[in-house]
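Two complexes come next, and they have one chain in common, subunit A, joined by subunit B in the first and subunit C in the second.
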Partner chain A sequence: MGKTRKSAHLAWLAAGGLALAGAVAGPAVGQTLTLAVAASPTSLDPHYHNLAPNNSLADHIFGALVEMDANTRPEPGLALSWKPISDLVWELKLRPGVKFHDGSAFTAEDIAYTLARVPTVKNSPGSFLLYTRGVTKVEVVDPLTVRLTTGAVTPLLPIDLSQVAILPHGLGPEPTSESFNALKSTIGTGPYRVTAYNSGDRVELARNDAYWGEKPHWEKVHYRMIPNDSARTSALLAGDVDFIEAVPTSDLSTLRKDKRVALAEAVSLRFAYLFFDRTRDGGGMPFVSGPDGEALAKNPLADVRVRRALSMAINRAAIVDRVMEGAAVATGQFLAKGSTSYVDDLAPPAYDPEAARKLLAEAGYPRGFRITLQGPNDRYVNDEKVIQAVGQMWTRIGLQTKVDAITWPSFIGRASKQEFSAFFVAWGVSSGEASNPLRALIHTFDASRGFGSANRARYSNPALDAVIERGMAITDDAAREVVLKQATRMAMEDVAMITLYQQKNIWGMKPDLRYVARADEATHAFAVYPAK
Partner chain B sequence: MSAAASPEPQDAVVAVKQETPFARFVSEYCESPVAVVSFIAVVLIVGVALLAPWISPQNPYDLAQLDIMDGRLAPGATSMDGMVFWLGTDDQGRDMLSGIMYGLRISLGVGVGSAAIACVIGTALGLIAAFAGGKVDTSLMRLVDLQLSFPAILVALMILAILGKGVMNVMLALVIVEWARFARTARSAALVEARREYMEAAQCLALPKWRLVFRHMLPNCMPPIIVIGTILVARAITLEATLSFLGLGVPITEPSLGLLIANGYQYMLSGKYWISFYPGIALLVTIMAINLVGDQLRDVLNPRLKR
Partner chain C sequence: MTTWMLRRLIQAVFVMLAMTVIVFIGVNVIGDPVEILISPEADQAERARAVIALGLDKPLWEQYWRFLLGAVQGDLGRSFVFNEPALKLIAQRMPATLELALTAVLMSVVIGIPLGLYAGLKPDSIGGRLVMGASILGFSLPSFWIGLMLIMVFAVQLGWLPSTGRGQTAELFGVQWSFLTRDGLAHMAMPAFNLALGNIALVLRLTRAGVRENLPMDYVKFARAKGLSPNRVVFVHVLKNILIPIVTVVGLEIGGLIAFAVVTESVFAWPGMGKLIIDSINVLDRPVIVAYLMMIVVLFIVINLLVDLLYTVLDPRVRLETRE
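Up next is the complex of A and B:
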């Protein structure tokens, strides 16, 4: 009975609220959004640290030449159009009439200024240089036309440029990261201005009414940081915040049923995979030994049949359903359905422990072998639970599996020194198509040419390398996609890695809001709307 | 002990009219019903921990016996092959009852083991400090001061950060944290004993020093050490649980009580209380029982508290 009265009361309140909104009219009068993000940005300097929380916040304040839509396809930003006029030269037409927060006009000078500033940022923990390095010359043709010359054929230049926030050249020589944090240099073309910044706690944003694009609904945004998962969910349920990112999977089943909360989800560009060390194919593996603990003369993981058996032993559907609570999609390749260079007929390997056992026996390991699967315990969603589940499944096909989860800094340091035999990692495909994982994870490690930069397993397949390099040199999008698909198929057929699933990004909000869920993990206050 | 010993003092009283010291100790201990119940609880918990491999429904550390399809089942649910999970399962499909039994094994093993080692080291150093005096005493006691000025959890965290995870490393960290309290207690007890007549008598016999210290002084210093020992066992169990909760203790596939609680902590909001709740109860009961036993021991062994 009490419940009925309460809901009647609520209905009355809602009706009153609606009438009031109708009476006051005018879109967005004094509308404020309080949102909570999971990770704190390390700086307001958009070129200081290439880190998801920083970039997500920077998207509110600054603009880039190319914007990424919710499905990470490039669309015009500060540049209206871009086209290669030769193999190495791109011409960009800029958007006219754009103003920075300080009132200065946006021109081609600002592109030159920004691209020159990126390499000068001091003590950058993660440089944006990787997006601008390709550009060797910036030529200002007229205030709204700029030509960029690249050192090599760079078909992905527009995507690279979408990561670089444009600053006004009026900031002068080398503004320091500190002056950004002090809000002196925090001037962009984005939909919001910063009015206050308290590192690790909150950022206050106010709408930039001179913004060139769609005007955001919220006049003010309280951008709070609540790293603790349950605290963030509780803040939403208690009504302290209107909107949260990274809803913890452990709460999903309850929240899906909770009427106080609406969820928005999108399959992300981050895929989880298992990697197998290939630097010791001739024996001496640190975490692989025979069934009785004896040293093995050669690495069982060098045999494609063993890798295939390990992949077939994994019940991806169970991991997605039980461990990830449905916040993931089982996969057998880098990207999710609907992305550029997704291979349609490359299904996730079927779960078949019997066949996996047979395949192991055929490869000469009828009694299996001992293996330790390593992974981080504080980096990815449910990381240590997933590796335990994989451990269970490998044990079922006769491998004596040990599972070891350690903190991320120590894990990634050791993984990069090839100290593991089998390990779990996830990779965010920043470009939204397969050339990024193929180049960084699958191509033979070659630091001087920038290949295999994250190929911590040191997997190497020269035939595949040739296909990847061929694909990288094609400027035509359709023709490049064909080659990238071919390379993806080759990598998966050779089981270069075992891909497990793509994560879903999940946002939670009050039921009267909606969010355009994004494939990248960005949380954008300007993409939050009142539900119709 | 209590069940077997309760008739004993009466027998002694009736037959000889004079109690043996042990019988008197037992009868004094049994004056508090709470202490007796606590003692029985401790015996039961130790029994469960020792017998876990034989009485638990499942080996929770054997990955082959777990199935994630059984994950997060409520208490009383049945698995696909007919096993009943009386206390539910955790996110990996681990039977909570078995998990708690094995977890108690680790907690008690680490707690008692580290306290015992710390007791031997700490007591020996404390006695040496008291007997030798002078520079040895000063330097040892300053070391103890230094050790006690750091919060125990901080020291343990630092040690584990350097050594890495593992049961043996947790034990080592706990020994390093705890020895100082034993040393301080043993020294103060020994300083009192050193001025007693029996010590002078023993010295007159020109006995070797080690014999003076360990055969004459040590037995008389034991009561306070036993008391501090029980309290430090409980403290070690708490510390181990804390370290495991923070993810620094035992490996994830071999959870102790602290890690079981940590695993369930994130599901509390979702109403899946049992993953944290039951290990928490087990930890609470264990620590409380040991502390109550320790309290009663202190009352019985301390002559100043005698009425």
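Up next is the complex of A and C:
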């Protein structure tokens, strides 16, 4: 698949020259927007599957108590305000005068109904329970006031609530996912209503004129799904669609010069990183061996000097420029500049192969060692090319590096079983602040408390764990940010992982449109405006 | 005839059973659907809940046994991804693929046979050589590349045809079809041609080879000597004799086009079954994979049956019992 896609891009580039002479795309007809997304939503049930394409579509139809702005900072949605009235109780004031698509009024009853419905969704492969489980009690004070009691201190409750679409209690007990797909239960407070749904092909949306917020410009939206990169770009160039998401990086240099297309980009919350297996620090590593292929008695990757050398050996600027075609930003931490809990003086580690080689010698590996770097080849933008580049850079400091790109379904299962020694993955920081990666990736794996759930390297640093846990229990936003920054710094100084770059999200559109580019990758028709 | 049909039926059941076992074991070896489907942020408790919700906590043999019990009652399971019955999902996507594949087959017969006859009857003419040369390109160029070139030329550059999608559809027998509307036909033209290209070349070459082989035969000489018109000799006698290999190949190709139209479907964003199966394999959506492959097995069995019956019509010497 990866191969095919790459050759397809080559073909498309070859033909790009011809295309320049083509017809000039006309303006959007009437008040209709045709857009194409790259990944197909799997259901219209907003609580069935916590999956980016589903959530992005649900944002059009449903509303949440808290909304996230383009920079992933919480802002009032269906709740006008929220504040903790004690350590465990939050009080939310709801927006008055909001109506659901069926005309019923939005009240506190709907909050109770929604939070009770989330755990009852049948066969969910990825439930929203994650965000609602913390709430142990819902108390309706009056129609526009609700109190939520949590089992533990949950400072990020507003952010969790931003993920949960509110449904009208008039839907009755346990509406099925099918009734959402059949448009019977698809009733929200969002700026659009669904008028037709054809799974894997298109969704038709019509403007909800009773929407409480800013009225979207487009009366109708054709929401099409075109997963194939070249097909999506061609559809934009041919004028069949007005707007596309996830512009492929291989087309970027051509499209930047093309007058028929305007681009909007934002630095994403998704960072790419390298992780090192720490379950075999005493030897027996499957993909690390001595310079002559002999087994090593201890894991070189357990030595922070080795990890630091591996990080210094990587020329992040070159990867960003040449492999990612500028669609990324080099980084030395989880988040990009401007985000909450970004650490100002934590610059990307400088590229210094000489120093890296010295550091390796100092750690006792003057002749390096053999290592295999694994990664997916069909999951992230240019994933296979990036690991090849890293492999070459490591070879330059004297490591005999092999690179092994594997299809995602097989890769992720093996990574979760600790079958690799060094591997490449990416992580989307959906909350927009550092507690999310710290908790899931860096904290010691602890199934009973839900820590380290994606810590596939089984990295463990008890001192750091303590800081993370302390930070996560602070309700005050500013005080929490200070501790999270400290934890980020500790993780990076110990090279718990090698962070490489933040991706950029890129949208392409006709030149007479503009888009408020978002850090969280979501594509929103209601954030597309005429350029003037 | 009845014993022949019965034997075929029993064979089909065994093929299907073997196929389901292979899929169950295969998917299990590739990876864990929960790893792929679950939100990356899910904690360990949520992961455990999802495993139970999808029934993946049970041992594999028990999962298979449950599947068999359901299958006997006509329930092939629910998609892990869509939370809808797998059969319903496939049925929703089938019309799009069917109309695309059948149009492609129609094209390959309507274009391939006449060109093949021409090339066979006039092998040394410039036209005949050109047709043969072009046919080599037809089956040797990769279809995704041709698809992209078609889009670049006819959609992006000339703007004659829409680049992707199914266009406007109209209802017939409760199903939405593209071939009933002008817009739908315009959308279908490029993908159908793209899908047909390899088969046009194949049918063309088979026809030509058949004509070249049959022309020097005694029955043709005899027909000519009898004073039949050249048209009657070619279109009735020769054509009938060369049709058997063509029917076999076209029959198999119908199945192939329906089952494996995936490249064309993804290049043209055609919402058919091919896209569904590839997406399902990527996320290890086992119920859909199993249901899809079972349906394809049935499809091939039915097509082979029809092809065998057609042989007896084309060549009365063929007996079904002896063809086993």
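Side notes on the structure shown:
The rule is simple: the second predicted complex is superposed on the first by the 502 of 532 C-alpha atoms of A that agree within 3 Å, B and C clash if a C-alpha of one lies under 4 Å from a C-alpha of the other, contacts with A are read in each partner's own complex, and residues count from 1 in each chain.
In this text, contacts are C-beta pairs under 8 Å (C-beta built on N, C-alpha and C of every residue); 3 or more make two chains touch, one makes a residue touch a chain.
Only a predicted model underlies this, so the values are computations on that prediction, with no experimental measurement involved.
Overlay on subunit A: subunit B and subunit C fit together in the combined arrangement. Look at A:S230: by the touch rule set out above, it reaches both subunit B and subunit C. Once the two complexes are overlaid on the shared chain, A:S416 sits against subunit C while remaining clear of subunit B. In the superposition on chain A, A:G200 makes contact with subunit C only, while subunit B stays out of contact range. In the superposition on chain A, contact of A:S250 is made with subunit B only, not with subunit C.
Between subunit B and subunit C, more residues of subunit A are touched by C.
By the touch criterion stated above, A:T401 is placed in contact with subunit B alone, subunit C being left untouched.
Within the superposed three-chain model, A:L130 lies in touch with subunit C and out of touch with subunit B [touch as defined at top].
Within the superposed three-chain model, A:H49 lies in touch with subunit C and out of touch with subunit B [touch as defined at top]. For the overlaid pair of complexes, the smallest distance between C-alpha atoms of subunit B and those of subunit C rounds to 6 Å.
Under the contact criterion defined above, the residues of subunit A that touch both subunit B in one complex and subunit C in the other are 230, 234, 378. Listing the residues of subunit A that touch subunit B in their complex gives 229-230, 233-234, 248, 250-251, 253-254, 318-319, 322-323, 377-378, 384-385, 388-389, 391-392, 395-396, 401-407.
Contact residues of subunit C toward subunit A in the complex are 30-47, 49-50, 53-54, 78, 80-84, 89, 92-93, 142, 144-145, 148-149, 151-153, 155-159, 162-166, 263, 266-269, 271, 275-276, 279, 281-284. Interface residues of subunit B, counted against subunit A in their complex, comprise 63-64, 66-69, 71-72, 91-93, 164-165, 247, 251-253, 266-271. Every residue of subunit A that touches subunit C in the complex is listed here, in rising order: 4, 7-8, 11-12, 15, 18-19, 21-23, 36, 40, 42-43, 45, 48-51, 122-127, 129-130, 177-178, 181, 198-202, 224-228, 230-232, 234-235, 237-240, 378, 408-410, 412-414, 416, 427-428, 430, 436, 440, 447-448, 450-451, 453-454.
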